[in-house]
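First chain A sits with chain B, and in the next complex the same chain sits with chain C.
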Partner chain A sequence: MIVGGYRIELEPRLKSPRWLVYVVPVVSLLFAFVVAGIFLLGTGHNPFTTYGKLIDKGYTSYYGITDTLGLATPLICTGLAAAFAFRMNLFNIGEEGQMYLGMIGAAWAGIVLADNLPGVAAVPVVMLSGAAFGALWVLVPAVLRARLGTSEIVSTLLLNYVALNLVNFLIFGSRTLWRDPSPFPDGQLVADSARLDRFGTTNVYPTLLIAAILAVFLWLFMRFSNYGYETSVFADSPNTARYAGMSASRLTVSVLLSSGALAGLAGSMYVVGPAGKVDPGLLQVGLGYAGIVVAALARYNFVAVILTAVLFAGLRVGGAALQISSDPVPIAIATVIQGAVLLFALGGEMFRKNRLRVRRIAGSPVRGAA
Partner chain B sequence: MNASPEAVKGSHRSGGATLFALSARSVTKRFPGVLANDDVDFDLAAGEVHTLLGENGAGKSTLASVLCGLYRPDQGAVLRNGTQVRLSSPRHGLQHGIAMVHQHFRLVDRFSVAENVVLGDKRLSFFIDQDSINDRVSRIAEEFGLPIDPLAVVGELSAGQRQRVEIIKALYQGAEILLLDEPTALLAPPEVEKLFETVRTMAKAGKSVVFVSHKLGEVVDISDRITVMRDGKVTGSVGRGEADTRKLAELMVGREIDLSPRKAKAPAGGTMLKLHNVSLHRDGVAVVDNVSLEVRAGEIVGVAGVSGNGQRDLAELVAGLQSPTGGVITVDGREMNGAGTREMRANGLAYVPEDRLGTGLSPSLSIIDNMVLTRPRGLLVDRKAAGAEAERYITELEIKTPSPHTATRKLSGGNSQKVLLAREIFAQSDTTKVLVVCSPTRGLDVGAVETVHKVLDEARTKGKAVLLISEDLDEVLTLADKILVLYRGAVVHSADSNALDIEKVGLAMAGIS
Partner chain C sequence: MRRRHIKGIALAAAAAFALAACGGSDTASEDTMATEETTAVEEGADYSNLKVAVVYIGVPGDEGWTYQHEQGILQMESELGIEVTRLENIPEGAEATATFDQLARDGYNLIIGTSFGYMDPMLETAGKYPDACFQHASGYKTAENMGNFFGAMEEARYLSGIAAAKASPTGKLGYVAAFPIPEVIRGINAFTLGARSVNPDATVQVAWTSTWYDPAKEKEAAESLLAAGADVLAQHQDSTATGEAAKEAGAKWVGYNSDTMAAEFEGTWLTGPVWNWGPHYVEMAKAVAGGTCLTEPYYGTMADGMITLGVFGSDVDQETQDLIAEKAAAIIDGSLVPFTGPIKDNAGTERIAAGVSATLGELLGQDYFVEGVIGKTS
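Up next is the complex of A and B:
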């Protein structure tokens, strides 16, 4: 780009200084608040009090942060699911549907199996059942991708709609074991042994710890295991993987199934935690799609997913709270703030990898000289 | 050995009276972290064939790009017939009669030769008169000895023919100065000869040609003048007859280089690799056609041939990446048909593929991680041992890298090749019996070529059986004890290195026997 006598260029950085990793997100966040602030001013709200409220309701107040952590719990899992697949250049967009299937699978185990299991085994079995259902939901796209090279983006995305209507069918359209026998359409509750107690009066469940431990475990596993090594070779250069005798189809299928299992786990956490049943309310939240954003923000780093999930959940919780405050901010504006934060956070990446250079074009006059 | 810098320094400017067709004056061009051209002077006379010689990264392509208008210099000027020109784009350069033929052709595969030639010509009317265009293309082709059918579809042409199309295109657009970037890289020896004839014809017609090359051997004959670059600077400029290859190599590398032939010093041992009537059919075509060969311990068997004659498939068959559709492959006395690449390795075969960064190495992974690529690994990857190994080879082979944690794509071609060779040749030296090595020095600096040749020679001395598949005939001639020529997947010629008729080899490579 040329402005006046100057050429403005983006130049790749040869080395990204360590501090940039921390400074860029903070500056991005500031820019996002400035841009969203313009919208707030335009709609007659004081940006500072609005942000103050957003931060208070989302992060700093007791019930704010606990609500945020509660919402972040399944989001960490869908974020891990997306990160797991995307790291290997397998674009599983179907976390949303796989999460629904996880909910269905967990509720099935919670209704049918849990009563016959010893108490301590009920929750793990229910969670694993959800994970298995989530994995199965991605089995067909995975095999198609591995055998025929069919785009997993399209197939996993389309299955989201199938999963959505499957949930609607189970609750509103039929009388299956997932549906409560009462006339009012709702999910059947799972056995008490299949549920976890929340911490005190908060919305935080022990599943938060499971999600966080899982993130750290995945980080370590993919970093040090042979499986993690092979996936990173395959992601980097499929030809190299073939040269080294790795099986492309085995890696493709296993990565997509693991991703589906993680998304399914998000659904089962919803069942053993707040819902206790197949809850059509989950269809409104979009935690699966949000997981993709969370993973991208974390640059597909498993541990960073914990942080970005909390950031994202806080924006949701705080944004929702803005609507019911004394000076209500419409949900649309709250969404603008969310969008600006995410957009700038992703855009900031560019400045971590590149540097802006402003150079005088040779031959153009120097201002103030002779 | 001391090339007196005074004698060869600078360009052949004579007292300021001569007007050069094209000159660079103190051109400096920076890229992030690299000073690609540092105060470079270059003069090209009309009707002159002038070679820009230098290793990869010496800055010769950058200079050529500045001269044709692709890059703008940060400092300095480009002069056309003594007048400064500010070239803003290659199209602008073309208006001044300057055209560049890139190493990677920029042609539309589905178009005919004539259509490609006139592509981008603004003088054309809305309705194109095919006949007159074909006519003009044929005329240019004839005048400069570039035989080609104007109606042929470019996608079906060989590399040499495509290059002719590029040259015709430049001439059609009125180029007086042609910059050819590594023009011989993809050509068979007879095609190179043909290209040189064309270049001589163009020079006779008063056109100037700049040859950008890193191949010492071939440029001496054709050039009226050779300007050598190293590390972004001009290290010397010598006229015809003033320099031999040794002196030029020294100017290029900055030290003495030994690229003399290396042959087996001891008689070869038992047969380690044997191919018997091996074929590979793909889509009904025999891409590898009844190949039989034997490699014994302590010898290098060289497979020469022009690119795309089945070398890659042959190598992959031997390495176990593909299964032959016919014939038998035996490694160390064991029939290996249908064995995968891991089994092949377990039986003592190592493979250095031609594409080092995209196949032999994982480009974004570190040197350490690349060391374990072809090893058996447990549940956890042992990076400690690999790290120690990487450190050792970095010292032994003088691999230039900031650290063993550096991603291999950040290394130069020569250094990444050393990483690959270290892993395949040294690291498992006790168990490896057979080495399959493909074009190991393609695109490498003279200095790195010397190292690679030394490494392969050492492997032979240690009793490995080496199958060297290379498109670089000089390399095969330098190293191999036995030479085979591959043409369209079949071995069309074979000879011992001490009873070799080079002309026959060249003809066999072009498919003439």
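Up next is the complex of A and C:
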């Protein structure tokens, strides 16, 4: 870009200085709050009290943070799912649908199998069933990608709509074991043994610990295992990987299946946790798509996914809570705040990876300013 | 049609109010405390102990379902002199529990949820916060501190079917339907019965969208019905997309939820079944102010005013308007019950015997289409 005789360029940094890692997110957040603040002022709200309330209701109050952690639990899993595939330069956009399938698979096991299982086995079996259904949902895109090079972006995305209609069909359009026998469109509850209790009066379930442990485990596993090494070699240079005798199709299929299983796990956490059934309400929350954002914010680092999922969930919880007031902030403005934070956080990455250079164009007057 | 549910608790509350007022005037000279209390009760205007919140699935700007609830909330605010907190765009399902929890913790003592999928989250929160009263629209579960409310929209649907058939030269009507659940099926059937009461050859073709609010999909479905020859369209969703498709094609439209779009769709608009939530909202708030929570399922009707038929467009001639007014009066006084046999389903099987009227339970579980409907209930 050339402005008034100066050339403004982004130049890739060979090395990011350490301080930038901390400064960029802080500056990004400040920018986001300034931009959203303009919207707040324009609609007659005090930005400072609004942010204070957002932070209180989303993060710092007891029930604020517990509600946020409850919402973050499945989000950690969909975030891990997206990060797992991205690390091998595979773009699984189908977490949303794989999560629905996870919900369907978990509910199936919870209705059909759980009663015949010893109490302690019910929850693990239900969760594994959800993971398996999530993995199966990505099997076709994975094989197509590995064998024919079909874009997994398109195929996984399209299957989201199929999964959405499948849930609607199970609850609204048919009489299967997933549907409650009452005339109302409602999911059949799973066996009690397949449910976990929430912690006290909060909305946090033990599945939060499973999600967090999984994140740490994946971080360690992909860092120290042979498999993790192979995927990172493949991501850097597929040709090198092939030359070293690694099977591209084996890696592609297994990475995508694992990603699908993680997203399926998110859906099964919904079943063993708050919902206890196939709940079409999940179709309105968008936790699968949000997982992609969470993963990108975390720079595909599994442990960082925990933090970004909490950040994202808190914005949702706090944003909705802004409506509970004598001077309510409309949900549309709350969404603008969320959008600004996410956009600037992602945009800040550009400045961490690149250096901004402003150079005077030698000897040239304002030629071709555009 | 008779009123199906007597609001026992509301009546009890009213009686308690009356008794308190009488008792108060007897003892007024003896005790100043009693005098003060009596004054408050007699004026009947102290609702300062009410803290009301309503949770919407969408925004009032939808000109449909949420808009009509908003009208009811506005009526509650102006009649009782209170301010109600609105939460918009809250997704259904288990994640909504956190929202209802938050309201209960913040001291709201009347919490209203206006979408079916809030039922289990509200039930869950109601169990945790017994001091708050929860009121859920369109569901079926209740608790000690949770009631539900809905209404006999089939009555107004029946009347709108008459207007549709009278405005249709071909007798081919179309219905843009949401999800194949009893509420929607019942509406289609009532519309069809109304239409066939004036044109026995009328048919109603159904197109499912699997949406409550998705203007693009709903418009597509409406266009498919128009392409199949329908000249009047009815709908169940919350958008005006069906009306727009009808307008573009020069067809007629029976709306739903609200009649605010009548002027904008002049020449297309016939009429529309309309919800009138206000009176019941006022009643449930008064109950909470008086220390009770209405927990009997409430099923409003045209007789009690929860269900009405919206304004007529200019294409509904005076003769038809008079006929509909006559039928409406008959529904209100109970001499006309739309679901009275003989009624056959669209496969020819008799479902309601001659002279018998369907019970409320049968209506709430209705899962077949009546004769004249072209389509399947799934």
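As a working rule, the second predicted complex is superposed on the first by the 346 of 370 C-alpha atoms of A that agree within 3 Å, B and C clash if a C-alpha of one lies under 4 Å from a C-alpha of the other, contacts with A are read in each partner's own complex, and residues count from 1 in each chain.
The rule is simple: a residue touches a chain if its C-beta (ideal position, glycine included) is under 8 Å from a C-beta of that chain, and two chains touch if they have at least 3 such contacts.
Keep in mind the model is a prediction, meaning the values are calculated, not measured.
Annotation for the three-chain superposition on chain A: chain B and chain C fit side by side. When both complexes are overlaid on chain A, the residue A:232 reaches chain B alone and has no touch with chain C. Once chain A of one complex is fitted onto chain A of the other, the partner contacts of A:282 are limited to chain C, with no touch recorded for chain B.
Note on the composite model: angle chain B-chain A-chain C, taken at the C-alpha centres, equals 140°, rounded to the nearest 10. Legend: residue contacts after superposition of the two complexes on their common chain; A:347 is shown touching neither chain B nor chain C. Applying the stated contact rule after C-alpha superposition, one finds that A:52 touches neither chain B nor chain C. Ranked by how many residues of chain A each touches, chain B and chain C are led by C.
When the two complexes are overlaid on their common chain A, residue A:201 makes contact with chain C while staying clear of chain B. When the two structures are aligned on the shared chain, A:320 is found in touch with chain C, with no touch to chain B. Chain B and chain C never share a C-alpha pair closer than 40 Å once the two structures are laid over each other.
Annotation: chain A has no residue touching chain B in one complex and chain C in the other. In the complex of the two chains, the chain B residues touching chain A come out as 32-33, 72, 74-75, 86, 320-321, 340-342, 345, 351, 353, 355, 358-365, 369, 372-374, 377-381. The residues of chain A lying in touch with chain B in their complex are 11-14, 224-226, 228-229, 232-233, 236-237, 239-245, 362-363. Against chain C, the residues of chain A that register as touching in their complex are 57, 63, 67, 70-71, 165, 168, 172-174, 182-185, 201, 203, 270, 273-275, 279-282, 284-285, 317, 320-321, 323-326, 328, 330-331. Interface residues of chain C, counted against chain A in their complex, comprise 53, 59, 83, 85-99, 101-103, 105-106, 116-117, 128, 139-140, 179-182, 208, 210, 364-367, 378.
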